[in-house]
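See structure below.
Naming follows writing order (A, B and C), and every chain is counted from residue 1.
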């Protein structure tokens, strides 16, 4: 059975795994972006908090994803919930960091003009800082989402479903075709998502 | 009127005052130039007016009211602010930039919209063409025009200008200075203008405050500064050629001798140089050197000769102010 | 500052790792853990992990740095932007997919694992090498050429030293990523610390799991500090 025959004969399973994968990553990213943007904005008010949060997210990211997921099993069991929790934790760093630096690295002349004109700090945050930080935020969200897709595959190991299942099953059953299909699809999804979000980012930059 | 009363500013961790015991009165409707080398405290002085910097001691009064008793936001909304980098908001269009302060003041939409057109006209930018442009589509000079328009948007009685034309090329800078003076003739704002460029100070100012190490070393009119620099520091800052600079401050129309109709008739057809009333005495001198004559005629807007200006006249004008250096 | 504090931090992180190992070996949860986690076994897995990371990172350095240099020479210069774009696209491919693909084509074992890690580590080093060389001010190389230096002398005496810290930054990223990705080698029979995590999972023993997770984290942090020090020193 060659590669394409395999793809055609199994397409319903492959499609449902793909959709499952996208679903998990999508839910995780919605939560992650909400939390990350909120945290990123909040920590701009307090340097101490910013340093702590950035360090924690930094360390979170160095924890091997496989280990992070495994550690969640005793607490949350297996399945989609721990997978989503793990993904959210894991994708915080790029979002929080980019939101924070995006807001903090705005041309001082612009801020001085805004203050001098009589805008309140609240207003400056809403009408100047956040809109100007959008491209940086988007870049963080892009990195995080692409990471999420890849790590989502590893979540297949803790019973979250998705395309990772094909890879892990393929390895244990020594089915090269399963492994390759899973790996190729994940790669394609990652690349397409990256390109798409890159396009959005460029649009915001203009 | 803006008044500084014994204002001191010392930044934390510094051994000396950035601004030391400063007293200054700025008349309403005039341009006061703060001039001096970098680190002399001129920008600090200006930024204390809109509370971007708080004085360590002393008081600043605007129209007799201590600004400490005025709400910061309210105060700033009533003061136009222009800085060198323009600080235009890059994500907003020209129109939106100008609309910021009127929006904060709660103006109605159509009033804001007509204000934008009015201001763009004032700074000589076509409203239709520029309203919806983003700042990065503008040249340096155009950005600064928008900066001026934005600062004027809420019709503030006071404007603070921090080296507004410092980043422009010399030709654009000169043009912006001329145009700004033209605008000021119409709007008559109280303007505090910071610059390190003495030429600019002499050209733009009604009064000039020369600052050195946080203190005013001379406060007087441009003419007075040129003719009577109070100390070597000021003379050095002016950098010589004072008589020529003084001549550049006099308008032909102001110092000419008016001619009777008969004299005008006599003058008609003579080959001497002719200048407008608004030309400077420096232009007149240059014209005399060009033609090799000791006098020139002055004409009004309708190109009718109305007066004459001769070399002795210029000499007397300069001497009257008593060059000391 | 770096030279003084980094080694201290590295030693600190290392001691945490040693203490954790000692703690698990001396106080196992139960006999299953006692049998699974011994000094010999942990040491063996650690060496295996080192081997996986070291071999693939070394391969990546010796392939991507010369490739990067070649791609910034006048003859191949026009290719650099395209290669950079391709590398950037490849970097979005998840590590698990790369490992899985190498297994799909080469079967299981440490060799396909090393190949996968090598390819994955190659990308950041290559892109940083390209950028590092591109960022060298053309006026400086022009001055060097103008002074009469031979092309290869300009490369080794001027360009390479100036690009060095950027290249080191790429190696630093590559090594840190590889330490994490090498865990996946356990799935394809490549060994390493991933074995401990999988075993801990199979027997549901948190102790084993935590140790298996912590040791690579510590390794990654130590490597990061170590290469940070080198990177700073490489700055001219």
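Definition applied: a residue touches a chain if its C-beta (ideal position, glycine included) is under 8 Å from a C-beta of that chain, and two chains touch if they have at least 3 such contacts.
Just so we're clear, the structure is a prediction, and the values are computed from it rather than from any experiment.
Steps from chain B to chain C, taking the shortest chain of touch contacts, total 2.
Of all chains shown, A has the CA centroid lying nearest to the centroid of every protein CA atom. Seen from the Cα centre of chain C, the chain whose own Cα centre is farthest off is B.
Per-chain Cα centroids separate chain B from chain C by 61 Å.
Rounded to whole angstrom, the centroid-to-centroid distance between chain A and chain C, based on C-alpha atoms, equals 22 Å. Averaged C-alpha coordinates put the centre of chain A at 54 Å from the centre of chain B.
Partner chain B is touched in their complex by these residues of chain A: 107, 109-120, 123, 127-128, 131-132.
Those residues of chain B lying in contact with chain A across their complex are 50, 52, 72-79, 81, 83-91, 100-101, 104, 150-151, 160. On chain C, the positions that touch chain A within their shared complex are 89, 92-98, 100-101, 103-105, 108, 176, 180, 183-184, 187-188, 194, 197, 200-201, 204, 206, 209-210, 212-213, 216-217, 220-221, 224. The touching residues of chain A, counted against chain C in their complex, run 59, 62-68, 70-71, 73-74, 146, 149-151, 153-154, 164, 167-168, 170-171, 174, 176-177, 179-180, 182-184, 186-187, 190-191, 194.
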